[in-house]
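Working notes, structure below.
Chain lettering (A, B, C, D and E) follows the sequence in which the chains are written, and residue indices restart at 1 in each chain.
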């Protein structure tokens, strides 16, 4: 019933298209195939996760056939070469680094975010922010080298008892490294607070400081706290800085001037020395890896939970 | 009845304003501390490293002697690694992003993939090293070759690219898709001819940033076995290799103290390359961001 | 008089929901060949939803559900094996906000022919000229066909979109407030163009501007809260509406 | 008659620029004590800009530059050592979109008193009651003072904002289209409230609704493209405008 | 490129460019070498030189400790495994299980050096017994004053090679007589000798041990201790002569590389092995170890040729 229309032109695009349509089953084939290929790629990320879980868990399982789980998680002496696997000392080392790092990163990060988001003019912000972000892009091996050859000698002048390899120096540098992360996530959270709230506060005669502390930060709190959790996860997983500057002496201590070892540091130490495939020590790096993975996963999930659960509607 | 005592209010005014001023200075100083640290780092590395940084350093292999050591193998090795990492992650990452943004129904499965990606982004790089070690070196017995290192880094930065590509695809205005569908275009035609070209600058920017992350990674490569000393350049992805950060790390461990300067020179090269990559990313972003 | 023309669309008992919200209620409407059919009504009454249903563009919103039938040239477009791509090739659409692709003018026009498999350079050149002439834009842009379409003014961009639509020689053109983002002069040009296009195409146009509807359309449909209140000759509707609500609306009592 | 009242604001030759765009031109205007002064004019004419200049809130936009003087109670607010915080404590403001803090109603009201150093629980309680009563909201919310203000309706939220403003006992209250986001009933309530507040406060209100201006204000200023076209008694302005443009605007010929 | 050409200059000046064993045809392929960090500087020196001769052969070198090297070589994963101690019985057994034959080659002599920071002004010499007291797990001496009452009342910080290290094994064997070494919070172990050097350098009350080469490179900041082998013996400090003569006892030791015999079938591995022996003397001198007598190298070359059937 398609009445032939009035375009009696030299080229009837319409007819051509209709003809192409009939012969073109390949377009439809592609149309069906593409989503499947894309889905396959999307599934890969899940496969990677499964791969991680599989490698970690299967070797960890073997490890716990040789070493008691209870001993692993409750004792504090770590010396695999003497069959002593008390991961608490590695965990305490990791925590020491993380705490030190957070003591640096939270105040500096939040203060920078406040300055950039509430005080700085557009021009200053546009200038400072990228520079600050450079800090996040510096390879960790560079930081490690800097911690060992610059920060430690400096600290040594202030703290005479400082051990050459120590948690303090590494922790400080890890902290500086994650400042941009805290700063930019906090700034994002503060940026999401609508300007009308600021105006409301300022119109009551608030100073910038009062507006920030009493209105903006409470309103952005969930985002800010989530950024802390993410930053902690990052500090827990940091490897090169601690491997280079924090030492390799597993120790159950909370004294940051001491040489310690973190979970990541242990994995590097063993795997770059020698992974004698199949020995208990070999499996131990997976057990430590799993513990590390669980720690960071908890922090990440916590961050997501906080920002979802406590998301403010303005 | 005035409940608000005007007197108290105006008495307090000055101290409040002073507090605000002091706070501003404190916040400024806190911001600057990060920059000062960066400055100290740059100064230290430059003063230590510039002396060793010359043509010979750029074109030479490592050496037992600090005067002769060069970073060529590291630079070339890193480039080779990227030749594996870049295409693999770009293709898979962009495909994943297209799937999530354009095809997936907003259901449980999509949310699952999304959350999974978020968490994957937070997995410590050394755990990816363990993954690479187990999968490539032990299970597939690839040996310690570029392919294994490149794929490991690829998996590591995959979430970064996916997120960047997703954002970029999301920012393509819906009107363009509608226009294309309105012409009778199929979904894939629309994605390929309209959405992707419009999203490409954002994807590239994200991709470059992800690559610069990959280039600086050390820990996973230590695990999958980059060589510390090598005097030949790889000729295929099945060859052994070293990479810039590995080379730098090995110099920080060399016996002679002079290697500290060599390491600094290596760091300069690495940082310059990263800076270049980032400038390209910024350039792309600025060049194309005006368009849409 | 118009009833002797053959129907392009036969809409029968059309209902449409966005999730749980019903946006269209029991629409019945015949759209005739070579008519300009105007759709008017207050904001949110379902005008856009309705025209987007005619080429099933509304389905890009995932939560949409429909019931009823729309026959295009006698075939129900909601039937399972009806190819939407095919429908949309024949039923072109122009949108409220000009939405050229971020490509050159030339690339914008040949986009449709290309995806439909026309690759011959000469044919494409001819199509570009013909479509731009059809959209009354040829003289203004013929020297800068390879410049980005974003460099054009809003009115020119809208005409590029119309030309892009003409390039695949559709049967019907749907227009959703095509002039609402344009200045008065561009609006005039597009209105003149619609009068011109009417000779070759059937046109359905959504407009919030009653003067425009009165000026350019043959038939007008008045929608209110998702219902089709009145649908008749434009003159009749504006001069002698049979429904009180129509009268209230066209006399400006609400909307 | 009103000229015997003393002035709150004396605006002299005020010019204001956003970057290079001038938004206000040579404004001269006296605002009297205990008057309701309405500011009307078409969208974009500078109404919001103008009232925000009166408490220097406009300076939160970094590119703003001004020239001229605004004297508040005889002192030029642009003077170097003039404390904006002080000015804003005395010149309160209510915004177009209700913007309560995401805190309890109680916390919203005591925010101002607290930052100004009032800590005594009993005084604060009294302030809350008084302010909410002043904002005609006390009866509606007295049983849920510690619930989040976001749980209230739009109209109630706006009255919370007014109460918040009253809590620090300002001298002047600026209102920028305080009812434009509200439904008719809430609007009525706020209008009644303004009539009430007038006894104790000087009020400057921006509105796009001329009926509203006519209903509630003593004096009206008509702005057009950044200029103050006419400023006189409300009755005079609406019934006997002296400027052609004012007449055109109030009779609906544009805007 | 400059680095290698300099290497070539030295080559010609030393006049030992003779190893055109394979008829001058350019070689290619991989040679994988891993193991002792003590041998590492020597191996690196040789590898660097070799690269300018056979630029198509891919030699890789990893410093993972003697134990780490054996771990790989006994499985045939690498071609050459460097070691600062002889192969252990259990490693031999493992190699047999995997059908791998390892052939021992001696490259140089090393004096395992016990060092303190140059800031340390109270110790110069230690007896073997004192070493035991410091390093033995069973000893309860934790402070310097526990060793000698005149020394400061400060904790002894120990920097020792890790468990995969041949140096550790050797020290453990000859000084501690295979009793366990201390490993607690004051002991930092690392496969990476430079970590040890750095650690000792920077703390006045630290002590540690590693290969002589690592000491020599850091002579300014370290102090090598004289070792009294017995209560009445004279303290002997490590240096070229005392190591060569064996007077520096009991800590003088040979350094090895173990070649996987079957790998010698690969021409590039064979060529590299020969080259290593030909240049080991120079390498030892260059990095601070003591070369073997020339004929010792020649004997080993002949043996390798025989093994490879040439």
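Just so it is clear, a residue touches a chain if its C-beta (ideal position, glycine included) is under 8 Å from a C-beta of that chain, and two chains touch if they have at least 3 such contacts.
Protein names from UniProt, one per chain: A = Phosphate transport system permease protein; B = Phosphate transport system permease protein PstA; C, D = Phosphate ABC transporter ATP-binding protein PstB.
Keep in mind that this is a model prediction, so the values were computed, not measured.
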Worksheet, complete the sentence: Label-sorted list of chains bordering both chain A and chain B is C, D, E
Fill in: Steps in the shortest chain-to-chain touch route ending at chain E and beginning at chain D
2
Worksheet item: What are the two chains with the most C-beta pairs touching?
Response: A-B
Worksheet item: Farthest from chain A in C-alpha centre terms, which chain would that be?
Response: C
Worksheet item: Whole-Å distance, chain C centre to chain D centre, using C-alpha means?
Response: 46
Item to complete: Could you please state the distance in Å, as a whole number, between where the Cα atoms of chain A are centred and where those of chain D are centred?
Response: 47
Fill in: Centre distance in Å when chain A and chain C are each reduced to the mean of their C-alpha atoms
50
Worksheet, complete the sentence: Expected list for chain C, residues touching two or more other chains, is 86, 89, 116, 168
Discussion item. Touching at least two other chains at once: which residues of chain B meet that condition?
Written reply: 16-17, 186, 189, 252
Worksheet item: Which chain E residues sit where two or more other chains touch them?
Response: 195
Discussion item. If we use the touch criterion from the header, which chain pairs count as touching?
Written reply: A-B, A-C, A-D, A-E, B-C, B-D, B-E
Worksheet item: Within the complex, which stretch of chain B touches chain D?
Response: 2-6, 8-13, 16-17
Item to complete: Note which residues of chain B are touching chain E in the complex, please.
Response: 55-56, 59-65, 68-70, 72, 144, 225, 227-232, 239-240, 250, 252-257
Discussion item. Could you list, by residue number, the parts of chain D that touch chain A in their complex?
Written reply: 55, 57, 60, 62, 85-89, 92-93, 95, 97, 99-103, 111-112, 115-116, 150, 161, 164-165, 168
Discussion item. Quick check on the complex: what are the chain C residues that touch chain A?
Written reply: 6, 33, 73-74, 86, 89, 113, 116-118, 123, 126-127, 130, 167-169, 171, 199-200
Item to complete: Show which residues of chain A lie in contact with chain B when the two form their complex.
Response: 27-28, 30-31, 34-35, 37-39, 41-46, 48-49, 51-52, 55-56, 59, 107-108, 111-112, 114-116, 119-120, 128, 130-132, 134-135, 137-142, 144-146, 148-150, 176, 179-180, 183, 207-210, 230, 233-234, 236-240, 243-244, 264, 267-268, 271-272, 275, 277, 285-286, 289, 292-293, 296-297, 299-301, 304
